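We just call them A, B, C, D and E in the order they show up, numbering each chain from 1.
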Amino acid sequence: MSLTLFLILCLNGLQYGMLLFLIAAGLTLVFGVMGFINLAHGVQYMVGAYLAFAYTALTGNFLLAVVLSLGTALLFGLLLEYFVFRHLYSRSHLDQVLATFGIIIFLNELAKVIFGPTTLTIAPPEFLSGSIQLTDTLRYPVYRFFTIFAGLAVALLLFVTVSYTRIGMLIRAGATTPEMVAALGVNIKRLFMIVFGVGAMLAGFAGVIAAPIFAIEPGMGDNILIVAFVVIIIGGIGSIGGAFVAALLVGLIDTLGRSLATDVLSFVFNPSFANQIGPALASMMIYLLMAAILVFRPKGLLPAKGVA
Amino acid sequence: MNSLEIRKLNKSFGALHVSRDVSVSIPEGECHALIGPNGAGKSTLIHQISGVLRSDSGQILLDGQDISNLSVSARVQAGLGRTFQITSVLPSFTVLENLAIAAQAKSGSSMRFFGDASRETALNELAQSTLERVGLAKRAHIRAGDMSHGELRLLELGLALVAKPKFLLLDEPMAGLGRAEGMVLVELLAELRASIPMLLVEHDMDAIFQLAQTVSVLVEGGIVAQGTPDEVRASPAARAAYLGGDAE
Amino acid sequence: EDLKIGMVVTLSGPPAALGQQIVDGFQLALDEKDGMLGGRKVTMVIEDDELKPDVALLKATSLVEKDEVDFVVGTVFSNMLQAIFKPVVGSDTFLISPNAGPSTFAGKNCNPYFFVTSYQNNQNAEVSGMIANEEGYESVFAIVPNYQAGRDNVEGFKQTFEGTLSGEVFTPLGHQDFSAELARISTSGADAVFSFMPGGMGVRLVNQFANAGLSDSMKFMSVFTTDETTLPGQKDAAVGFLSAGPWAPDMDNDASKAFVAAFETKYGYVPGSYAMQAYDTASLIDSAVAKTGGDLTDKDAVRAALKEADFTSLRGNFSFNNNHYPVQDFHMLTVVKRDDGQFQTSFVRTVAPAYMDSFHQDCKM
Amino acid sequence: MLIGGVIFALLLAMPFVMPLLGAGYLAGLIIKAMLMAIAALSLELLIGYGGLVSLGHAAFIGVGAYAGAIALESGIENILVLLAITLVVTGVVALITGVLALRTTGIYFLMITLAFGQMIYFTLTSLAAYGGDDGLTLWTLGTFFGSDIVQNDGGLYFVVLGVLFLTWWGVFRISRSRFGRVLRAARDNPARAEVMGYSVNRYRLVAYVVAALIAGVSGLLMMQHAEFVSPAIATWQHSGDLIVVLVLGGLATRNGAILGAFFVVIIEEVLGSFFTEWRLIYGPLLVLMVLFAKGGISDLLVPRQTQGKTP
Amino acid sequence: MTTLVDISGLKAGYGNTKVLFGIDMDITAGQVSTLMGRNGMGKTTTVRCLMGLLKASAGKISINGKDMTGAPPYAVARAGLGLVPEGRRIFPSLSVSENLRATARPVAEGWTEARVYDTFPRLGQRKKNFGFQLSGGEQQMLAIGRALMTNPSLLILDEATEGLAPLIREEIWSMLGMLKRQGLTILLIDKNLDELSRISDRYFLIEKGEIAWKGDAADFASQRSHVEQFLHL
């Protein structure tokens, strides 16, 4: 395998990791702060992608579509929170799982009814389309760089907000002792609503960004939701830093694993056996990673401190 | 023979050395009090003895048996009972069930899959009598989670007693108890003292002077004074660090 | 009494597009014959297998036991076919597959009650190998999803392809990001890519392939990757890409032309081979029921009538082999953009006339 | 108790009225629901009483089914031998994964079980010799010393019903036993249970393995009923379905798992038979059930206070 | 003398259990009021209702003359009530310093982080430690500091000296005396009658969910044995 290929793989892993981070960040906040298991988070990613599709079709302008999609995703998250989720915070995790599962079922079907079952795509905007020459042999698409930078920017913003600002403290405090946060003068319902809305918006943003690279289809959020859960568990629930590290780890390992597992195995085993085992092993890779990490660190890599 | 003997226990959290070479021996029939300022390391020591925290070094002997390397549950099976500083019960079980389950641990295997445990009269009777002892008989069928703070403290003690421990670790049992309840508790402990030796962590000096035959003063992880209550009361080290001037 | 036909296809999730083509194609045939097949009025019971084996099983049992249908038409996917196979043929009901054609039932486990109107799964890939030979590709890179059908397709391709396979990559099902694979492909020095990537995977692969600028330096040939169900998502990215199959919407025969025109008018989209096969399935049932005079009690007679395949296939030549899988011509197809802006596959040339699958010898029937 | 009695009486009477209603299909539907109920009951032991939410439970169904299927393929036909093989294989897999998974709790446990479930699932899909992810059609089935009593044409219905009854009864007994009580105590407050003198993980591991064994048996029966195995039964989505069944039915209630299973199977069947977009109704229905029927179906039938207070 | 908080006819409970059967209390601005009663009589429940943490089934609460019945906790807090809850309830995932700052509402000449550290040097030493790492007593100091940082006009302390070493307890009592002199209104729940009587102006005795006795310092001094009977001393 050439060095170029390896570099591309790393960039891809990075880019996938960033996308995962955008989804996982909202998920880990909502989970960490409200103790709320939101399975519908993946569906919010799908909603983002469909919104981008609809708005690009409507306005013909990608940037405008992004802005509109973000606004709508935020609004959508707030509405969901207001009508459904806030009634579930005090309920058991399993009730939350069931209710959000119902929402997934509904929205996936709705997307199919509205947009049809077939896979849709949107083109990346003109100014982000070409690719950049990195070395003589290595070109990398601008759009993918854009996603990496968008992810990094959001990560930095979130990290600073959560670690150093007052609202960040309140978010962390609300995670363990919401009642006391309220009793000391903070409108916790509104805080939760904001966190939820921002989480939904981040997921939507990930969907918007992913739309031009991947394809848009009903149910597209389901698998990525599981991966996002893997990320927040590896990182430690409620920890933005953990989510970031874990997202990169998962992004890289998954990307490298899928491309290299078979090759690596064929050093050891005969090629046909490697071909048979390799792909299965590659699919298992992130789960192996998670299981291994949990066996040694049952609360994830960088657990949020003091959260029981 | 000493009932509980700890030898040179040490524990650090990072740079913070919380127990420094702590050694205490508590003979049969004795109540030994551990006092010291907030953050001195008293609860940490209790955690070390009960096994919730692993010591960095040192030895713990219960009735001559070295229990330093046993798990929490194995130490309980070996005869160690404890209460938590922050109440810890089974909130969704009734008060009686809480005690029955604690009693069950000491009466034969719990890997029994078919009999109805709630009908085991031996366990229920033991639970009931313990309830009466700690003064919660009237609350037997309340969900533990629905009780007030003070009542929970009593249940907490009951949970330790029902298992018939050979030694009792008490971390601030009086905290949160009203005057009247506190007095009941002191009487109860005074009565128990003869049969169950105990290590008592408490900030309520009246209680300590009523109960303890010997006292250790822990300051910043190390023992600075040890002796009878009167000796300790007179010790300048203890007064400076803990009791304050008007303790007399 | 009505002729009862049960249909088990996938109508949920993204693959619903395939199931829908089958439902529409069959319905079109029915409508053209005023709701009658072989002179008998038809009642359809359409069931969604949800792409879950246990659901498929239950639906199939329901069709044969509750509705007591005369024919079961299904399924889209091979694993669904496996799930419904035994209960349907076990109750002596004819099972006609309008799409899935696994090797499992083509050889020693062939069954008198089972017919396939599409193809044997490996055939398209085998024909792709021939196309690669004819086009003069010396080395080809194969990329398929890591599941049974994916592996079968690579095997099929290898069977006929005479050049070297410069690499084979198995991606997870539902794979999103092909850039790593594409990087590898671009440095492999292969003349062409061979792929089997149904549904959304195909859309992503083709778009990412084109975006990476590989279309200029490398040929793209595939099966079930650039077809009428994926082209609306691929559009210009797929133009000129090659595929293998028994039919394309611009097939030069009257029946086919009429079918495509009627279909597009009625449903507003370009029919793919799924719709064509469903239409042919309806025609097949029509011919068999007519031959038996509408009497379906004599199973042997029905079987003989089906076996004759005495109907006008939209594909042109069509007959059944001893294992009840089709013998038909396979062609090289390419993607074109039509004047009305729609995309479709287009007939280029016939590559394998009257082509038989390679399992029929094992069938003792 | 009453409701349970009614359910089992109905199920027992069913085959005698069924011929009037399209036997095989209805039997298939009920068997599907019963199998789901068995698997859900086994999971109940973990979730309802142990507080351990596993998202990899279906993997044991898969392991059980494949152990049986592979043994069948290699010529073993006696159902009792198949059962033994299934139990041994499932038990070993459960023991290994259980020891590791139980190092974690809560959502971490959920995710690590998901991870093990996925590993098992991917392993099953890579069994090319047994059909890979297309699954495997079984041309022969398990027999009871040569008799077909344990097959669809014979008395499989009653076999499944019998296993369901045993599971239902067993899980209930276990929940009230000494063992079950410790398990519930550990769910309530593991630190306290530990200080009471229980080595919490040992109890949890036993529960985990027992639950897996029952799931394995349900897998074997599934195989016998479908005459087909496929890795699809081992997916996490299937585990998720089981959780849905439990929560809908009412967690840690006597009949919740059975009620939930029948509810889910019937509602899907009924809604699905009306129109293809039935999920537009099913989804919101789930949400409404959670919001307004807090204790699940069990509580709708018998509000929890009167429902034999747990010991 | 203005009434800061007025509670009348307050009834409340948990689920089906009734706990409060009609509490009437008035807290006068600038005074130290004490709520006494045996364990489980409803002291904490009364405080929770006052703070809006528990919904009362009947009765009225007004703060500064404004009806606050059923108001959410944050609104009550912003109306000037600062709570040191039973069982400390500090924020375990925040550092000591963050615990103090997170919900602070600074005012001119009010409480600052530095002033809290002056009052509790022990906290100053453990500034960077997380809440969950603190000893029981340290947590208690933090809970008091945290409430002070909201610069309340009424400070409510529910068993605030529980678990504190005698020296610190002494400090807290003298600090409360000082706060009182500075004009802060205080509501105390404590079992330490001797210490209480040094600073308290009003007494409320709660018995089975009702106010069984109330009186001022003079009443308390003269009727102490009567009160102690209620407390079963």
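Descriptive notes on the structure:
Rule of thumb we're sticking to: contacts are C-beta pairs under 8 Å (C-beta built on N, C-alpha and C of every residue); 3 or more make two chains touch, one makes a residue touch a chain.
What you see is a predicted model; the values in this text were computed from it and never measured.
Shared contact partners of chain A and chain C, listed by label, are D. Think of each touching pair as a link: the shortest run of links from chain C to chain E has 2 of them. Of all chains, the one whose Cα centroid sits at the greatest distance from that of chain E is C. When chain pairs are compared by their number of contacting C-beta pairs, A-D comes first. The chain with its Cα centroid farthest from the Cα centroid of chain B is C.
For the pair chain B and chain D, the distance between mean C-alpha positions equals 44 Å. Chain centres here are Cα averages; for chain D and chain E they lie 52 Å apart. Averaged C-alpha coordinates put the centre of chain A at 47 Å from the centre of chain B. Shared interface positions of chain D, i.e. residues touching 2 or more other chains, are given as 125, 128, 279. In chain A, 108-109, 112, 279-280, 283 are the positions where the chain touches two or more neighbouring chains simultaneously. For chain B, residues touching at least two other chains: there are none. Listed by chain label, the pairs that touch are A-C, A-D, A-E, B-D, B-E, C-D. Partner chain B is touched in their complex by these residues of chain D: 173-174, 176-182, 184-185, 188-189, 191-200, 203, 206, 311. Every residue of chain A that touches chain C in the complex is listed here, in rising order: 2, 4-5, 8-9, 12, 16, 108-109, 112, 116-121, 131, 137, 139, 141, 144, 210, 213-215, 217-220, 223-224, 255, 258-259, 262, 275, 278-280, 282-283.
By the touch criterion stated above, chain E contacts chain A in their complex at residues 51-53, 72-74, 76-78, 82-83, 85, 89-94, 98-99, 101-103, 105, 130-133, 146-147, 150. Those residues of chain C lying in contact with chain A across their complex are 12-17, 20, 146, 168-172, 174, 176-177, 179-181, 183-184, 187, 199-200, 203-204, 207-208, 211-213, 229-230, 232-234. Of all the residues in chain E, the ones that touch chain B in their complex are 14, 17, 37-41, 44, 86-87, 122, 126, 133-138, 140-141, 159, 162-170, 191, 193, 231-233.
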